[in-house]
Every structure is written in structure tokens, then in C-alpha cells.
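Right after this note come the structures.
Across the two complexes that follow, subunit A remains constant while its partner is subunit B and subsequently subunit C.
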Partner chain A sequence: MTVNASTRQTGFLSRILNTISNNEAILGLIFVLPSLIGFTAFFAVPAVRSIFISFTEWNLLRDPEWVGLANYQDIFADERFWRSLTITISYVLWNIPIQTVLAVIMALLMNRVSNSAIFRSIMILPWLMPNVIVASLFLWLLDPTLGIVNIVLDAVGIGKQGFFGLPDQAIATIAGVNIWRHMGYNAVLLFAGLKTIPTSLYEAATVDGANASTRFFRITLPLLRPVLAFVIITSVIGSFQIFDTIAVTTQGGPAGATRTIIFYIYQEVFERRISMGTATAASTVLFLILVTITLIQNRFFRSDRSDLAEYS
Partner chain B sequence: MTSITQTAVKAEAGTASWAQRINIGNLVVWILIGLLLFITLFPFYWVVRTALSEPSSVYAYASDLLPHNATTFNFERVLGMIDPSTLVGQQASNISPGTLNFWIFLRNSIIVSGLITVGQTIFSAMAAYAFARLKFPFRNLLFTIYLTGLMVPGIVLFIPNFVFVRQLGWIGTFQGIIAPTFLMSPFAVFFMRQFFLSLNRDLEEAALLDGSSKFGVFWRVSLPLMTGPLLTMGVLIFVGSWNDYLWPFLVGRDEEVRVLTVALSVFKSQTPQGSPDWAGLMAGTVVSIVPTILLFIFFGRRVVDSIQFSGFK
Partner chain C sequence: MKRQLSVVLVLLALVAIIGTAQAQDPVTISYVMWDANQLPPYQECAVKFQEANPGIVVDVQQLGWDDYWTAITTGFVSGESPDVFTDHLAKYPEFATLEQIVDIQPLVERDGVATDIYYPGLADLWTRDGKRYGLPKDWDTVAIVYNTEAFERAGVDPAVLDDLTWNPDDGGSFGQVLAQLTLDANGNNALSPDFDKANVAQYGYASNGMGGPYGQTEWSWLSNTTGWSHNNGLWGNQYNYDDPRFIGTAQWLANLWLVQGVAQPLEEQTSLGRTALFQAGNVALIVDGSWMIGTYLASEFPVGFARLPQGPEGRRSMFNGLADSIYVGTPHLEESWAWVKFLGSRECQDIVGASGVVFPAIPDSAAISLQARLDAGIDISPFVDQANEEGGTFLFPITDFGGEINTIMVEAMDRVGLGEVQAADVMPDANAEVNALFQ
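Let's look at the complex of A and B:
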């Protein structure tokens, strides 16, 4: 009898476990639960809370006070906010076109000469490095007097450049640093896209007398479009959020020339004043800009559809 | 398939007429590739070269291709093997007097990235499996909401998360640094779900027919098949958290929890204005990138493959 009681108990427990492990709905919810807690606490709630804070005046010391749209009026009247937007856009315009063209060239080169994984691995090495490291590395390479780049430029007669230290050059320099860090990564993505294009298309085009540039613009580029769209959209979104490199190299200077939108927000909270309201208002504006850009780009690239479907 | 046949064709062409392949076009291609390799690798060389140079020679011999009077002095310095007080007034003025102990920061980085990697990989994989294979209430709605999380810029979340972590009293603690990414990231869930979806269903269905429970299928069939992608995801998460700067900078500036990226920026801001301690800074940089390089040597191929995979959502 006593033996029976204990087996009945374990039997009961294992039956519960059995039910759970066989019931998809319960098992599914248990599997999702930890991530749901994380998502709720650190993604969903803060996203909503951020919008709420943007309608309040709050310096972390006293309770938030509802002020309606005042924060938005505040930043829209702030010349520094508009300037930070202009600087961010000029950064994106320096960054994305050059980076994308270089990545395409790199991918074509990889595709032409080798399938070597070692070469591709080396090309993603910069992308694996922390922004902070890459930034301090280039700070040294581009140092106005001692940097090797300036020493070489001086030797070949171009003369030393200010790079990070010059208001006119700082943003382009930071863009250059990030082009160095990201082009190999993007090239690897594009290379994988090139591999999906059937060689038979090129053979047929060659038979029909198409030259290299026709083949590139008529076959490669259109069929690369979905991957290219992915690369450009993710790069643009990342590019708008440039911060680490600036924090290490110029800290928004010289003379505010590299105060991008994230740096502006950062200063609103942690440096210039403790204004949670205006900072979250600016970050909401940034979010809306990014959503708009993504939607426009998606439509422009029709990134969800591949032209390859029409061939195969 | 195409790539295999392509290489086969190329190899054939190579044995047939090797001389023909060295035409002007190929030469240009190789020169360009050489240039790209140089641009990619030279900065790394220059960091090592500077880190091995004597601090005073950094200025006098700025253009020497090899380290001048090669020394491990800088590494000993950033690894805390030399008492900082003996450095004051010694040699040139360009030596950072700040207390340096990269061992602590290295330890902190390993703790933070290790915990985030383990937590995020396990919990994201569980969620991903549920989204890919299990039917439960609100599944599709929940997944769509997760996906929108991919779109939200970090800074939107950083401010309220900072407030939240501050309310929890977790500023300056490890749990404060790891909290936002320990349980999931939308990208990891999305990425793992793609992998689970690409798994062959036949094996799972066979196991179900053999009387295995749903959980048994996950544990004994799906998970073992996923070790490769799980490892890849783990490497990507590790590299991502290792490289993270803004969040640990906001939450964990105290020395006991300071991670390498934050430590480097603090070290940089401590060096004397005008004549920064380049040799020390570069030695710190080398120390910080060694773990990434090691990961890269062991898993580089895997990371390349996963980047290519992530391009095809």
C-alpha cells in the first residue's frame, strides 16, 4: 500500500509533465515566456513609456509633469536640433553611397576570382571590432601631426589634413571610418546574393552579344536587388544612429560639427541638462524619420519580390 | 551547386591554359584585391606596431614601419603589472597616469558578454522554436509585435530603460548591464526561427509517430540538429555584446563593472591633452581585440556563412 502511494504520486507528477510536454499550447507558452518577459520589460513598455515621457517635463529628481506638446515645440524651435538633423543627413550621404558602391565592387571582385572563405573572413574582420576600438585606432592613424596617414600625405605632396579636428572634414572622416568598418560585411552579404544568380543567364547574354557593362546593368544589378535593398536599408538605419565613433573621437566637435541626432539626444539627458522630455521627443522624431525612410525604400526597391522568380 | 560546377570549370580552364588566364583584366582584379586586403589589414598592423613601441619613440619615430626599440612595457602597463606611481615623471610626459588594470575590465567584459550570450541564446532559441513549430494562442500576433521591436532605434529604448534600471537600483551593477538583452533580442528570435523553419519536418514527425512527446521531439530531435546555428548565434551575440558601448557606458561606469569598451574610452579621456598616450592606448586596444580575434579564428567561417544567411530573410 505504501509503495503504491509513492508510485501514485510520481505517476501523478509525470502525468502532469506528460500533459504539458504533449500540449502544444501550454508548451508553446512556456517556451515563449522568458523572452516575453524580456520583451515586455525592455522593449514594449519602454517604447510606450518613451512616448509618454516625451509629453512631460522631467529631470529625474522631481515627478514628471504633463506638458503636452511643449517638448516638441521646444526642440523644433531649437536651432541645435535642426543642425543635428542636417549633420546626421550629411553623414548618411557621405556614408551610404560610397560604402555601397565599394561593397558592390568588392563583392564582384570576390565573385570573379575566388570562392575562398579566407578572403571573405578577412574582409569582415573590421566589422567584428568594437566601434570604440575602430575609432581610437583611426584617431591614431589620422592624428594631425603623428598619424601615419598624414605623414604619407605630406610625403606625396598633398599635405597634412585636419581630419577629425577640422569642422569641414570631421563628418566625412567619421563616415570614412565607418565605411572601412562596414564595407567588407556588406560585400559578404552581396557576394551571397551574386551566388544566387544562375550562370546560365550570363552565358545566354554573352551568346547574344551583351558586353560586360550590359550584363552588369541588365542582369547582375536587377537580380541583386533584394539583397541590395536589405544592405542599403539596414545600413541607412544604422547610419542614422551613429554615436560610438563620435563619442570617442570628436565628442560632437569641433564647434558642434559632428553633433548628430543621437549625440544631441545624449547631451540633452546626460551632459547639457537633464531633460528627459526633450530627449525622448527627439528620439520619437528620429523613430518616425526611420520608419518613413524604411517605407519609402521598401517601395522603391520592392525588396520583398525577386526578379529571379520570373526566370526560374 | 552552381558554385561547385563553376569552380570545376574554372579549375579545368586553369589546367588547360594557365597562361591565358593571366590577362590584363585578372591582373587589375588581383591588384584591387591586394589593395583591399592592405586597407583592411594595415590598421591592425599599425596598432600592434605602436603598442610595441617605446612611448617616447612614438613621437620621434612616427613613420618607422617597425616598432622602435620594441618593448612589452606598454602591455605590462595596461595589464597592471607596473605600479602606476612609478610611472609619474618617468620617461616622456605622454604616459597616462590613470590607474590601468585591463585584467579587471577583461574579466568584466567576459562576465557580461558570457551571461548575455548564454541567456539570450537559450531563451531566444526556445521562443524561436515555439514560433516555428508549436501552435499556441496569439502566436502570430506576438511574433509580429516582436518583429516591430527590430525597427525601434536603440536610443528610444535606452532612456526609459535607463530610468527603469535606475529605479531598480541596478546602476553600476552587472545585472543592470545585462538586463535588457539577457532574456531575448528580437533579432536572435527572428534569426533562430528562420533556422528552425528550414529544418526538415520528416524527422520530427517520425519521432512523434514513434510516441515521442512534443517536448521530446524538441529535446532529442530538433535541438541536436540545431547545434551549428545555435553556436553561430552565440558567437554573433557574444561579439555584439562585447562591442556594445553606449549602454554599459550609461549604466556601468564604476570600475568594478566597467567593460573593455568603456574602459578604453575612459582611458583615452584620461590621457594628457595634446600629447595622448598612444602607445598605452594601442596596447589597450590590442588587449581588447584579442578575444574577438580568437573567436574569429575558430568561428570566422561560421560567422561569414551566417551573415550570408541573414541576408535572405
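Let's look at the complex of A and C:
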């Protein structure tokens, strides 16, 4: 009796397991469930809630009050908001092109010269350091009075630079810090992409008389496209959200020259006033900008398809 | 043996139960402050307070200025703010508007607490429309702090500091002395035609940036000697940043480094801060607040204190004061009020005075502070003389919209200090933006 029951149970269980493993949709759902819980609790719900808050006036301490589009009108009329967008875009333009070109060069060097694990570990080391520590490190290195960089620049006759302290250098300096932090990590990703390109293609090209630059532009870059697209899209999103380096080094100064959009949002709640409405309105605008840019990039890079498929 | 053991165990258990019961009995109230130098005297106050009030334990904590206000504000939201905290005049109006700090006026009246025992005006700074948000604990003024070795190197006798004059047009004799104290690598001072601005070995002066909207230690001791004032009085709604007297002062300050080369450029001041620049030894003279006395006395060279220069309408310093406020969310209002009352009393302020770290709000306690320093051979009377002088002080310009005004004015002032614009070109717009907040 008992034996029978347990056999039946096992039979039932295995039948369920069988159905699940044969049904890819259910199986897939089970696999993404842990991540889905996190996505819902920490991303989707807060994001929707923040869009709701952007239509209210709320100082965190009293009940929110529905104000319609007033917050959007408020920030669109605020010249600091528009300036923060300009500053953010100039940061992205300093950050992304240089960072990506350097990462590609480093990946090619790794591919050619050495791909030892030690070398790769050293390259992602800056990325492993917390942003706040990287920022304070550079704050000291680039200090106008005590920083080693300025002492060296002065000694070789270039003269001291203001770096974080001058409005026309501050954004480029912050971009430089983050280029240093991210290029190694991106290089390792691109290096993995390079490894997927069959060497036979290069051999064939060499036989046909293609020189090094032709091989790079006609073979390497096109076949690297999906990885390159991933690297650029994620970097651009991260770049638009620059905050921690600024919070540690310049606090949006000098004279507002490094007040990027996220820093503007932060000040709306923590420094200028306690205005959750305008802060979330600006966040919603940033969200829309990022969605648009990402869609355009996706279209441009055709990142869902690889040219490699045509060769195999 | 076994029975003895069990008796011991039962006794131990009883002791443990009684022990926890007793430990849970007293009410603990939390108290935070930002100045680490003041922590020891206030801990001493807490001990005295606990002796007199056995049912209350005060947990004194200190947080750095940069984290302090974020912690207080987020505490309001989460309901975890400390029961009692040291409050600042630039911050409390917003807290009062948001109804996050307790109006203690009914308690003051109920207990008959005297509010006229403090320096005149200090207690009034914490009142609005008949409500009261704190009892004064200390006050501060600003004065000159100088490096005697730097004066020797420049061949200037510190005695000249007693009779300096200043005006926004040419800086008066104060401006002259700053130039005399600035030396280039060849030993020429800034008055000499051979002075090499690009190669300065010793600066006459260091500022702490451009001072934002209040300029407590940066420029208010200059601008407010011209008859100018920040706004139209306590809880004012009309600011005067477009006045030529203010514009002249701001530009004179910026020109110290932009034109004359007698102070470090703005970016160097802001990276390290005035205190570090001065303590590095190559700055002759600064102006700073009385709360910094202890820090400067720890310098590696002998430091002196002197009166401010005389402007067109005499010597004037901002008179600023801190107070202790009670968080509305405290579950222990009576205990918190008892502690605030004690902090504002002669007994605690005498303890703080004896430490010499700050000047307590009660004049007799402040005299103890001055004497404590004199006994140690240090004369800090310039700060006290400034406070006691007829018309020698003006009050901190408290108003609403502190955060907004700060954002606008820090930006505008920094642009002047960086040499991007002239004060005359940017201040009228900045002032209009500030005044628009009140409409």
C-alpha cells in the first residue's frame, strides 16, 4: 500500500517535471524568475511609481498633491535643467568615443601581444575599484597644490592645471577619470568578441593581398559589431547617469559647470529644495532620452544579428 | 552539591532578570552635533545632566558637517531623526516650515525659562510669529588670524593690524598690508614694481572661496561696514545683491587673486580649503570664525589674533549662533525638553566655556571661555571685543528658501571668483532670481 502510493507519487512528480522540461516557455520562466522578482521589486515598481510622483507635488513629509504637468512646466522653464542636459551630453561626447577607441586598441593589443590571465586581470582592476575610491584617488592626484600630476606638469614646463577646479576643464577631467576606470573592462569584453572571429578569414584575406588596415576595417570591425554594440550601448547609458564621480570631486561646481542631469535631480531633493515632483519629472525625461537613444543605436548597430552567421 | 548549584543558578537568573529590568527603565534620548571639538564638553554636560536626572540617559553622537544635514533630513522622512540636534540658522527655517521641529514657546512659558540671560538678539534669532524653535547655546564672531613667522619674513609688524582701514574702491590700508605680506620667489613684495605674480612664495591672504549667499567669513565683515545688508531684516523677503556696495566688495575680493595676485586662485582655495592653506605656512593672514580658534592654535607656527579692519562704518562681524532643536517625532518630548533646557542653562554653558572651544551664549559663561584661553597664554579678545562693541555685530540673515538662495548665489559668486564675469554684470540677475523666490 505504502509502496504503491509512493510509486504513484514519484510517477506524478516525474510527469510534472517531464511536462515542464518539455515546455520551453515554462522552463524559461522558471529560469528568469529570480531575476524577474528583482526586476519587478527594484526596477519596474519604483519606475512606474516615480512617473506617478512626477505628476504630484511632494516634499516627502506631507501627502503628495496631484498637480498635473506643472512639474514638467517647472523644469522646462528652469535654465539650469537645460544647462544640465547640455553638460551631460558634453560629458558623454568626451567619455564614449575616447573610451571605446582606447578599449578597441587595448583589445587588439591583447589579441596580438599577450592574452595572459594576469594581464587581463590588471586591465579590469580599475573597474573593480569602487567609483568613490577612484574619484577620491584622482581628487588627490590632480589637486592643484599637492597633486603629483601638477607637480610633474610644473616640473616639465607645462604648468599647473586646474583640472576639477576650472569650469572648462572639469567635465573633461571627470570623463578622463571614468575612461580610465572603464576602458580595461570594455577591452576584455571586446577581446572576447575578437576571439570569436575565425582566423581562416584573416588568412584568406592576406592571401588575397589585403593589408592590415583593410583587414581591420573589412573583417574585424564588422564581425565585432554585436559586442561593440553591447559595449557602446551600455556605456552610453552609464555615461548619461554619471553621478558618483561628480558627488565626490566637484559637487556640480565650479559655478555649476559639472551639474549633470542626475546631479540636478539629486539637488532638487537634497540641496536646493525637497521637491520629489520636479526631481522625478527630470528623471522621466532622462528615461525617455535614454530609451530613444538606445532604440536608435540598436537600429544603427543591428546588434541582434551577427555577420558571422553568413560565413558559417 | 547539586542543590547548591541549582540555588546559585536560580539566583543568577533572578539577578539577570532584575538587571535587564533595571537597564530598560531609564529613557534614552539621542543628541547629535557636527563639531568634533565640542564633543568632550557636551559629553561632560550629559554626565552632569544624568546625575541630576537619573531616569534619562543622553546618547551624544557626532557626525561630520557634510553628512549631518542629509542624516537629519532623511531622518525626518524615516522617522528616525535624533530626539535633539544642534541646529543652524541657515537650516532651521525650512525645518520649521515643514513642521519637523518642536515649537518650545509653550514649554518655555510653562516652566518660566528666562530667555533674556543670553547675549542680546541671540534668542530672538530662533523665533518666528510667536513660536520658538531653540534655546541659544553659543555665538561666534570673526576676526583676523595671522602667522607671526610670515609677518617676520615680510618685515611687517603685527601691531599695524590694530588700525587698518578698508574700502571697496582701493582696499585702504588693509589692502596695502596684504600686498606687503605677499612675497615672490625673489623676496619682492606685491607693492614692488618687480613683483612676479606667477612666482609667489608667500601669499598675503587666503579666502575660503567666494562665500556664497552669506559670506560669513569671506566678505560680510567687509560689505556690511559700507552700510549694506543682505536683506531687509529678520525674515526678510528682499535681498540686496544688486547694490553697488555689495558688488564692489565681491569684485574687490575676487581681484585679490584675479588681478593683484596676493591670494591663491579660487580653484586652489576650494580644493584644500583656507585652513589647510594657512596651516601649510605660506599664507600670512586670514579671517575666520571664533569656532576655529582651537584648530588654528594647533598650527606648527605661532598664531596671533587681531581685530577686523575698519570699514567706512566701523568694524562689523556677523553674529551667528547655534541652538538645540527638538524633533517633532520624538517619543520622549519631556525628557528632550529637559535636556534642551539644561544645554541652555548656566551650568552646562559654564562647562562648555571652561573648555575654551567656543563662546557660550550666556555672557558670564563666555567670559569663562575667554579666561580659560588667557590662562593658557592665548589672547582671543578680538572675537569678544567685536561682540561687545556697540554696533559691532549684525545678525545672520535668516529667511526662507535657504537651499534655493544658496544654489543661485554660490554659482553667481563662483563665476566672479573664477574671473568668468564681473560682479557688476552677474549680480543684478542673480538678485532678481533670489527675490523672485519670495513672490
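Following the convention adopted for this analysis, the second predicted complex is superposed on the first by the 271 of 312 C-alpha atoms of A that agree within 3 Å, B and C clash if a C-alpha of one lies under 4 Å from a C-alpha of the other, contacts with A are read in each partner's own complex, and residues count from 1 in each chain.
In the analysis below, contacts are C-beta pairs under 8 Å (C-beta built on N, C-alpha and C of every residue); 3 or more make two chains touch, one makes a residue touch a chain.
No experiment lies behind these values; they were computed from the predicted model shown.
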{"item": "Which superposed partner A:T56 touches (first subunit B, second subunit C, both, neither)", "value": "neither"}
{"item": "Which partner reaches more residues of subunit A (counting touched residues only), subunit B or subunit C", "value": "B"}
{"item": "Touched partner set for A:I20, first subunit B, second subunit C, both or neither", "value": "first"}
{"item": "Contacts of A:S235 with subunit B and subunit C, given as first, second, both or neither", "value": "neither"}
{"item": "Contacts of A:L146 with subunit B and subunit C, given as first, second, both or neither", "value": "both"}
{"item": "Partner chain in contact with A:G256 - subunit B first, subunit C second, else both or neither", "value": "second"}
{"item": "Partner chain(s) touched by A:G165 [first = subunit B, second = subunit C, both, neither]", "value": "second"}
{"item": "Which superposed partner A:N95 touches (first subunit B, second subunit C, both, neither)", "value": "neither"}
{"item": "First, second, both or neither for A:V291, with subunit B first and subunit C second", "value": "first"}
{"item": "First (subunit B), second (subunit C), both or neither touched by A:R272", "value": "second"}
{"item": "Doubly contacted residues of subunit A, that is, touched by subunit B and again by subunit C", "value": "60, 139, 143, 145-146, 270"}
{"item": "Contact footprint of subunit A on subunit C as seen in their complex", "value": "70, 73, 76-77, 98-100, 264-268, 270-272, 277, 280, 401, 403-404, 406-407, 410-412, 414-415, 418, 420"}
{"item": "Complex contacts: residues of subunit A adjacent to subunit C", "value": "59-62, 80, 139, 143-146, 162, 164-167, 253-256, 267, 270-274"}
{"item": "Parts of subunit A lying in touch with subunit B, wherever the complex brings them together", "value": "18, 20-29, 31-32, 34-39, 41-47, 49-50, 53, 60, 105-106, 109, 112-113, 115, 117, 119-126, 128-133, 136-141, 143, 145-148, 151, 180, 184-185, 188-189, 191-193, 195, 198-199, 227, 230-231, 237, 240-241, 243-244, 247-248, 262, 265-266, 269-270, 276, 279-280, 283-284, 286-287, 290-291, 294"}
{"item": "Residue ranges of subunit B touching subunit A (in the complex, touch as defined)", "value": "2-3, 5-7, 26, 29-30, 32-33, 36-37, 39-41, 43-44, 46-47, 50, 58-59, 62-63, 123-124, 126-127, 129-131, 134-137, 139, 142, 145-146, 149, 151-157, 159-164, 166, 179-184, 186, 189, 213-216, 239, 242-246, 249-250, 260-261, 264-265, 268, 278, 281-282, 285, 288-289, 292, 295-296, 300-301, 303-304, 307-313"}
